[in-house]
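Presented sequentially are two complexes of subunit A, the first with subunit B as partner and the second with subunit C.
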Partner chain A sequence: MEATQVVIIGGGATGAGILWDLSLRGISAILLEQGDIANGATGRCHGLLHSGGRYAVKDPDTARECVAENRIIKAVAPHCVDEVGGIFVKCAQDDPAFFEQWWRAAGEVGIRSHRLSREEARELEPNLAADILGAFTCPDAHVDVFRLVLANLEAAVARGGRFLTYSEVTSILSADGRVRGVRYRNTRSGEEDEISCEVVINAAGGWAQGIAAMAGVDVPVLCDKGTLLVLNHRLNRRVINRCRKSSDADILVPAGPVCILGTSSIRVPSPEGLAASREEVDHLLRLGDELIPGLVNARILRIFCGVRPLYAPMPVEVARGREISRGFALLDHGTRDGVSGFISIVGGKLTTYRLMAAAACDCVAAKLGVDVECTTDKTPLRPAVDRTTHHRAIHVLPHPVAEMMERRLGPETDQVIQAIETRPDLAEVVCECELVTRGELEYVLGGATPAPACTIADVGRRTRLGFGPCQGTFCGYKAMLAGFQTHRWTASEAATEFSAYLHERAKGQAFIHQGKQVEQLDLNYDLYGADRMLCADSGKQDGI
Partner chain B sequence: MRLDDLAIDNCLKCSLCNTVCPVLAADPRYPGPKRLGPELERLRREGISTDTEWVEYCLGCHRCDLVCPNQVNVSEMIARAKAAHRKPLVRGLRDWWFARPGLLGKLTTILPALSNFALSMKPARSLMSKLMQIAPQRKFPKYARPDLRSPAMTGNARQRVVFFPGCFIRYNRPGLGRTVIDLLERNGLSVEVASTECCGVPALANGDAAAARSVARANVKALARQVDSGLRIVTACSSCGHMLKTGFGGILEGDKKFACAAQKIASNTFDLAELLMAQADAGKLNTNFQHTALRLAYHAPCHQKSQGIGRPWYHLLRMIPGVTVEDMDAGCCGMSGTYGFKQEKYPVSMEIGKELFASIDAARPQMVATECATCQMQIEHGTSFKAIHPAEILLQAYDGLAPTKGRKDCSIDECECGPCRQKPEGADH
Partner chain C sequence: MESDRYDVIVVGAGVSGLVTAGAAAHRNLKVALVATGPGSFVTGPGWLKAQDILCASAAPELGEAIAFFCEMARRAGCPYAGDISTAKYLPTLLGDFQSVALAPLLLWNAEPRDGVSTAVIGIRGLSSFDENFMAERLSERARAMSSSGTYAARQISLSRDMGAPVTTLHLAQLFDRDPGFRKELVYALRAAASGFQRIFVPGMLGLASSAEQIAEFKRELLCEVCEIPTLPPSIPGLRVFHRMESYLHQIGVELFRGFPVKEVVIHDGLCTGVRIAAPGHAMNLRGLCVVLATGRHSASPLNGAYAGRDQQMRPLASTGAVMARNLFIAESLPDSGAGNNGDAMRILTGYRAGNLAASTRGNHAA
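Let's turn to the complex of A and B:
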């Protein structure tokens, strides 16, 4: 049985942030995640690095947290953030009183903003409806969630931290009112093992209630489902928010080459088995079309759902999704429930993940008697790509391919470029939608990276392979071959991986009812003869 | 939102466009229409710097658009990228000049003899090839006095059409313009020559969006009134026809007033042969062709194919008794207007033409008929056969004349095409 000081349950932004924070303080820790990185809400969110504007009116405390974290994340993880900026659009249909209320509140919580006339707003965002009344600017940004989680994990690994993916915690070991460790199961191999530790941190998001129950305590977490539509290309340059009381489909975020429209807010019993109904999708599209006329005709690549893990200490009957605070809660079960060495960190936002991690780690450090302050707000997560690597990259790769690789891999670009220099065939672009090279594919499948990919979908989370319009139809196949050729998988393993991947990709498209993506999926079926009904059904059963 | 903005969404990644691209076939390093078009366009909209010199290598042949089963405006996206591409100084200057054939036309008309002399002189040409990176193997067409005028109105009330001559006919081959007018008149149509500019294809092809927009506007202004009064527009150059029919290649998009008028012009523009075929279908074609013993090879220019009107010239030529026509159907000739003149593109241009050259050589015709002036240049450059506009053959057939070997107004000095070489010294060239 392995031993460490701290075990973290959950490999979302919060868990990864905690691992990094603890590593910086010199506390040894192992993170366990049941799926791949960002398997929960983190991997299924808008990726909006909130400026605070969304909460300014209703929840000034959360808004202030966002204002501060927005600046910090931009400074420490610039490679994960696309500083697109944002606007709050005043629509003719909405309550004019709210506009002024927003403007005042934004000023009070410290959001840098200025007013735009209709013409100015439409000049910045030409696709906006012609009848809007004007807009306010704000420093919203997009954050690449997978890159952010990876950056935290990899930085932590460099300082001695460890993480295990596909490792589901099945029970929490305790004795004498004290947590002693965890038992976990490798979900791919079925093997089980235990880790002993002094502190267990429950950072399992929507699953936190279940984890807490393993230690015999109750953490009331409300699962609030949100559905997001990924549109094929950017219809907007900035984050477009609708300036009104939070409601459905009022945010459109430019995210890499795509843009993401969302979201809804529906209470669900559990974070598993999520599905988007046709009415829900049509409803979101209709609302989006009010902001950007013509949006209903844009191609949807994928539809997915996630659950916001909302901490709801009040009776759940009265708590409605959007009315619960987006603030987070740190629960020390030692003082709260008499189970020492166990803490839960729940609620919050992606934007405030670092702050949540800092709070949790302050608590852990106190328990372990480690007197080191949090420095995640000052320590860059990843050094920049140096100039020589950049020059070597553009020597062997076309410019956009090199640029995208550097954004994704950062300093690790060096190793891939080195490989390409000795083997020019690695310069081949295998994912043509997202310009992923064979070099990158083999790199993330291989053992040289701190976070190797186990499945083809994992490759996607690390490189965006398969995230484009074909949704893996062509590049997924090449990834399967690469896995086989590099001896990562045997022939039959490779085939199984590919089939699993096709199903996974098909699930996200199963809720799309019209347009080009349906034809794309048909092409996929025609190519690989996948069972149409099977894919559609599995989609309905367990969401993305 | 602009509708064509969403055309990018239609791409299913089937790669069909790549299978027909002549440049990709000639040079496998070319990223191909799929990559340069819809794929990079998505990233361009993200703000990734996707600029690549390869966009310059697109011929603008529109084969990719034509074959795409999903109506993706592939080559239009590439044309936009081309317009945004930054070139080195010399090439930039050269292409600025190439984008404005009308300008040179106007200048040379002041002193046509002198400029033709200068353009044809060997030292001048080799100097140009060095200074301006122009392929030394190529020769420029001669400039002529631009004396194409609307003919006097005849007494009987005929249907009137507007003839859009384009720069080549206006400045280099006004004789062909008169042939077109004659042909139309013999078919019961009276002709008015439009006072228009260059159609804008050279500007777009050379990535000069500003020049393309300015000539497109001027053309819309010049043609709008006539179209409004119900007149049809006739083109005899396939590239002009293509440009007019596509509403000036989308360059006026976002310019509401002009775009609307351009659409109206587009739906009222007809290729000369298309119009004559329509006359034939209505039983109104003058079919008094004399027996003419002539073996022809026909090459359909890309911009003719992109108009989606079938192969009207092929059918018209076959109506002449005694004439046999073989459709080459051998892809693109590789010339693409000014493309083949560019030194760095000359090898690709010739590589693309290979298949066509071989087909023509195998067919051993007496001459080649093709309606695009630069296709003619390329065919005469790459084979030993003469290439002329089919309108000339059709017109002469009314009088029982077969086009002679060295044609009267062969525009190329020291022309090296077979017929011209064989011509005795001092013969009427």
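Let's turn to the complex of A and C:
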């Protein structure tokens, strides 16, 4: 049995942030994630690095946290953030009293903002409705959630941290009122193993209640489902928020070559088996159309759902999704429930993941008697790509391709460029939308990276392959061939992987019933015999 | 001013639109075919799945429609084999076997055959096709179907520098234009094929080559050759599209390619034509009737107004009223929402629409 000081359960932003924080403090830790990285809410969220604007009126404490974290994340993880900026739009249909309330509250919590007239706002965002009344600016940004999680994990690995994907914790081992370790199962191979440790951290988001139950304690977590629509190109340059009391479909986030509209808020019993209904999709589109006329007819690439893990210590009957604080809770089960060596960190936002991690790690450090302060607010997650690598990259690749690769891989770019220099065929761009080269594809499938991909969808989370309009129809096939050619899969394993991948992707498109994306689905049918109707009513929807 | 008016304007050049235009032209109508580009038919292998035939089998004139399609393809120089009552298993892109009723001749002989050894031949630089993957998969799948046929992978290199990566489109164009390339290909394939009874190559044997050229190429190979599907650009499907389009042109159909239709002009329940966005100016085409074969999607120029269609394939508004009595929707069940009903349905509705157009003109004349 392996031994370490800390086991972290959950490979979302929170868990990954904890692994990085602990590694900076010199505490040994292993993170266990049941799926691939960002399998939970993190991989199914809007990717908005909040400026705090959304919470300014309702929840000033959370808003203040966002204000601070927004600045920190931009500084320590610039390669994960697209600093697009944002605006809060005053719509003619909405309550004018709220606009002024927002403006005052934003000033109080420290959001840098200024007023825009209707003309100024439409100058910045020409697709906005003609009858808007004006807008306020704010420093919202888009964050690539997969890259952010990877960046935390990889930085931690470089300092001795470890993580295992497809490793589901099945029980928590304890003796004499103390947690001693965990038992886990590899969900791909079925093999089981145990790890002994001094502290277990429950960072399982929407699953946290179930994990806590393994140690015999209760952590009340509500699962609040949100549905998001990915539209095929950027209708906006900045994040567009609707300036009103938080409601459905009032945020449109530009994300790389696409934009994402959301979201809804519906209580669900569990974080598994999520699906959007057609009514929900139509509802979101109709509301989105009020902000951006014509949006109803935009091409939808995919639809996905996630659950916000909301910490709800009050009776479930009174707690309603959006009314519960987006603040987080750190529960020390030693003092709270008499189970020592076990803590839970729940609630919060993606934006505040680092802060949550810091709180959890302070608690762990105190338990272990380690007297090192948190430094994640000052330590860059990754060194810059050095000049010579950059020059070699633009020598063998077109400039935009090289740039995308550097943003994704950072210093690891060096290894891919080396491979391309010896094998020029690796310079081929296999995913046209996200400019992924064969070299990068083989790299993430190979053993040299700290976070090798096990499936084609894993490749997507690491490279964004398949995130564009084809949704993997063409580039997913090439990824499958690459897995076969690098001996990762036999031919039949490769075909099985690809079918599973197409099936997953098709689920995210099941409720798209109009427009060009349907033609794309028809194409899958023509090419591979994949039948989209088989997927329409089945199971959950995956992340982007 | 009647001379600039078409008997029928067909919008969309997918398989449905091509068949509509063909059927109408056969009945001596004056036909315009307007399309932004080729339809989705061309991204696939161009075959008709047995399942697709099943979807359309309730229609009494299915046999007639398919026979018309095959005759049109034969005249266009891209003959099909098979018929609606047969099915055989042909290899797919995933190295599976798909049950197919009709397929372009070059794809037709690729079914599993007992005791036959087949070489799957890849081309160096053509990265979207992997012969090792195909051969390994086909061997397994054939075994699973209790066939004693065997498959082995071979790769050939062609001397000319085609840049990397090579595409099937590039190879097909060389095949059409360059006799030297064909000769080199024959030599390389013959060497790779030695000891095999049959070879599979990725779909790439020309887009425009005549039946005689293909026949000669096959003779020189000394063994049977079949194409198997690739990722788009898929030459077998593209070939059918090109061939049919030029055939329609030959028989007098006027082609307006690359121009999106902006509006279907409807006055008082009568469609008078379409407005197309030609570069620099909008152009109006006038017609006695219009057939929309633009796919079962919002891409259809009727957009939101369209709520279904009646028995005679006329579009209905949300009130249930016929939007225009001389406007027809030829598509794979646009209103069913029930997924993809496939190319057989597209052919069937195209054939019907062509005939409806003919009877509309008859009514008009009377």
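As a convention for this text, the second predicted complex is superposed on the first by the 534 of 544 C-alpha atoms of A that agree within 3 Å, B and C clash if a C-alpha of one lies under 4 Å from a C-alpha of the other, contacts with A are read in each partner's own complex, and residues count from 1 in each chain.
As a working rule, a residue touches a chain if its C-beta (ideal position, glycine included) is under 8 Å from a C-beta of that chain, and two chains touch if they have at least 3 such contacts.
What you see is a predicted model, and the numbers here were worked out from it, not measured in a lab.
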Since both structures carry subunit A, what do subunit B and subunit C do when superposed there: clash or fit? clash
Once the structures are superposed on A, label A:L235 by its partner contacts, choosing first (subunit B), second (subunit C), both or neither. first
Please indicate which partner A:I292 is in contact with in the superposed arrangement: first for subunit B, second for subunit C, both, or neither. first
Is A:F474 in contact with subunit B, with subunit C, with both, or with neither (first, second, both, neither)? both
In the superposed arrangement, does A:D425 touch subunit B (first), subunit C (second), both or neither? second
Between subunit B and subunit C, whom does A:P257 touch in the aligned arrangement: first, second, both, or neither? first
Which stretch of subunit B would you flag for clashing with subunit C, going by 152-160, 242-250 or 350-358? 242-250
Could you list which residues of subunit A make contact with subunit B in one structure and with subunit C in the other? 297, 474, 515-516, 519, 523
Mind pulling up the subunit C residues that touch subunit A in the complex? 40-41, 43-45, 49, 92-96, 98, 125, 127-128, 130, 132-133, 136-137, 140, 164-165, 229, 231-232, 295-299, 303, 337-340, 342
Please give the residue numbers of subunit A that touch subunit B in the complex, ascending. 127, 232-235, 254, 256-257, 292-295, 297-299, 398-400, 403-404, 432-433, 435, 468-470, 473-474, 515-516, 519-520, 523
Okay, in this complex, where on subunit A does subunit C touch? 297, 424-425, 428, 438, 474, 477-478, 481, 484-485, 490-492, 494-495, 498-499, 513-516, 518-519, 521-523, 525-529, 531-533, 536
Subunit B residues touching subunit A in their complex are 1, 3, 6, 8-14, 31, 34-35, 39-43, 45-46, 48-52, 70
